[in-house]
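Structures follow.
You will see two complexes here that share chain A, one where it goes with chain B and one where it goes with chain C.
On to the complex of A and B.
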């Protein structure tokens, strides 16, 4: 099951050139671009591991593509995303977020049913991948 | 990435009609005009005095790059040319200023995307402990991407007397990025000629990756005098006739003394002359001063300089560390 999170997730995988174009758009808007990775793709897992610092004073998106490729070398089998953070007053939040790298096989999510008192059923989702310990989840 | 790019290029060549995609002729003169390069060259001619060989090299480089661009449009060349350069010359000969112009030039010609100049020295690249250098160097390189990285006094990166020096690590990363990210950034190394030569000898990797060596000659006496007048004019000052003659004498004497840094020595001398002028005006403040008085540097303001009385020149103490400041 293909993970659909963030922007462009219903499109085919972005090429390096696409990433560059998008990142350049963010930089031109004055947003700080950063790269993050994770092997726990739960939709509520908002805080992924940071790959280096956010790139506050880079003027060209080539640096972002460079970092994405560096991150791929180390964490090629995990999810990698690019974020653009807008620090302007009133926004102070992430303006862009898109996945740029995904594992070869994405096992998807299962529904977990929990019985609560009074015949209440609580539902949640869990990735099949996270049943393995960290670092062993995607091949 | 580059591999896949050339691969798709080849496909395009065989499947599409190549004649249609490419112009059959290019008007070099009009492309030259349109690129905005003449503007920069003109500006360079007007704002920088002397430096004839440097200007010539710059014009040649611009022509080469323009022709190269045309060749690529016609499908005659495919590789991005190596644009890394080395600027050698004594302090105060305008290396940084020319590097700034070079960044603009490359930007106009479309060889760098942003055209900003990032000036660094050893301190910005080399870390203080194990594992500190690589991230630091990479940070600087990322900042320079899309523009020009200017490494002042590049030979300090390599310290042969200390084999554990972290400079070597910075050099390796630098070389790697210079090779792999040629499309993304242009590196300019700068420094004194003899020490740069030694640096290149001990790091053959650099020599082979640098295509353009530009040598900055020292300024002549008349050129320096002209420079001093331009510098003053920029700040709305001027010499009177006697002061101008004395300035010529000053330049001649200053050159023979240690730590002579060409235009920078002149600027320092002028700064001190302005200080003395202000003092003079202040101590004789019995009559009201006119705008003319405020703008004129008299011979007295220069004559007080220690250069004339010989001995240690005013700037001997600062000039060795001064180089990075520009």
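On to the complex of A and C.
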């Protein structure tokens, strides 16, 4: 399967130049861009690991591409995403989020069903990869 | 402009001698009145009967929507009646519409119960719409003072937290209404939900009249839909939702259905506008208490919003619903099959999504409106839209919107999943191109064609619907052209 989180997961993988144009759009809007990675891609895993702080004072998207590639050197077998934070009053949250790196193989998720009274089923979605300990997933 | 502009309020004992007096003489017309920051202001479009002066008509509307009755009553003198009288303070002819006038009326805040849409509307649109001296009456806009806004909960979730819960940022959300809207069994219905969500939609939606009918009772629908939602979530790694319509005959039944949706783990439920303002506020409170996104389908609104001369403008309904506390509300597409010109629709979207609305007559917004940090509502665009219009939709409607392609998903020649994928790819390609600095308005068709080269479902969608447009004159366009000399 292909993890469909983020703004552009239905498009072909982004090139470094694609990443640069999108990061520059965020910067030009006054948003702080950051890089995060994880080997637990559950749809409700909010807190991916931070590859440094959001780049609050950076005006040049080339620096974002540089950090993505530095992160790839260490975590190339994991998911890496680029985020943009908007600190404006009334938003103060994420404005953009897109995946820029994936594991070679994405085994996906299973649905776990627990049958409860009255035909109710309690569902969990679980990533196959998280059966292995952190750091030992995705080969 | 009119022959009664110098009419004076009768004062002293004469004001209260028994009998009938003009409303304008009773204190409901005060051309020198300066509205207070805490006043509620209503703008009505009035069409007086032939021979009825517009100032008297405006004063009558002010009177009948506040303290007056048809005759003088001495019991007024037991109250601070000058405070409680609504005051018509300005009457302007409507541009290019002989016989129609805009009447501005100010209401003291103490006339209204805090936090109650039912109470607000019982005054403002209560008796007065049937008043005989008027041919027609339309509530065009309202200014809601911050002091009053702050007595309402506002949207249960709001755009920002909705996006955080869905883990979906930087693009419009995608949805589809399950079709056919009536007749599918629960099992078949869930199939449509599964295919559409797996294909790339964020949401599917019950239609307004799907409640609990012989072909599909509500529990069956909820159970099969949540199987579909969870399977699709596992297939894509995304948070998915389906608007489970909990509309029912009684509050007790709606609460029961909402609780069941919560038990099953749904992120969103839905109600119809026809349940009424109090029921909507109750469900908004329930949604806030239970971390549920609340979708409102505006079923029935066109019975009173569509005609220009009589009824209530949708921009007023939108303001009431933001106060009442729903998260999603349909607001038009501009390019689809349902009513809505671009300028008026922009006015609606601004009311949904902005923290502050400056007066914008060209968009039908007559007042500055401060929303006092109330959450923002997510507008929903649905009705006759398809992937080939993606550049127009993104340009007109922006990013914080749910684009709902019902027929445009389920009617795809290669099936529902293909239809959903076509929409999602078109959307992502268009957002990407916009962010990269392309002129999507002019290059939109090229951008879609390029994206279709690596996405067969999109190519098929573009081929199927390439000539579909809905180009009819609007029945509800703004009265003011966007020229600098227009002022309020």
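FYI, the second predicted complex is superposed on the first by the 133 of 139 C-alpha atoms of A that agree within 3 Å, B and C clash if a C-alpha of one lies under 4 Å from a C-alpha of the other, contacts with A are read in each partner's own complex, and residues count from 1 in each chain.
Simple rule for what comes next: contacts are C-beta pairs under 8 Å (C-beta built on N, C-alpha and C of every residue); 3 or more make two chains touch, one makes a residue touch a chain.
Computed from a predicted structure; not experimentally measured.
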| item | value |
| --- | --- |
| Fit or clash - chain C, chain B, common chain A | fit |
| Which superposed partner A:62 touches (first chain B, second chain C, both, neither) | first |
| Which superposed partner A:50 touches (first chain B, second chain C, both, neither) | neither |
| Partner chain in contact with A:16 - chain B first, chain C second, else both or neither | first |
| Touch count on chain A, higher of chain B and chain C | C |
| Inter-centroid angle chain B-chain A-chain C after superposition on A [Cα, multiple of 10°] | 100 |
| First (chain B), second (chain C), both or neither touched by A:125 | second |
| Touched partner set for A:4, first chain B, second chain C, both or neither | second |
| First (chain B), second (chain C), both or neither touched by A:87 | neither |
| Smallest separation in angstrom, by C-alpha atoms, between chain B and chain C in the superposition | 15 |
| Residues of chain A contacting chain B in one complex and chain C in the other | none |
| Chain B-facing residues of chain A, complex | 16, 52, 55, 57-63, 66-67, 69 |
| Contact footprint of chain A on chain C as seen in their complex | 160, 163-164, 167, 169-171, 200, 219, 223, 226-227, 230-231, 233-239, 263-265, 355, 373, 376, 421, 424-425, 428-429, 431-432, 435-437, 451, 454-455 |
| Residue ranges of chain B touching chain A (in the complex, touch as defined) | 1, 113-114, 116, 135, 141-143, 145-147, 181, 183-185 |
| Residue ranges of chain A in contact with chain C within the complex | 1, 3-5, 7-12, 18, 21-22, 25, 41-44, 46, 84, 89-98, 108-111, 119-123, 125, 127 |
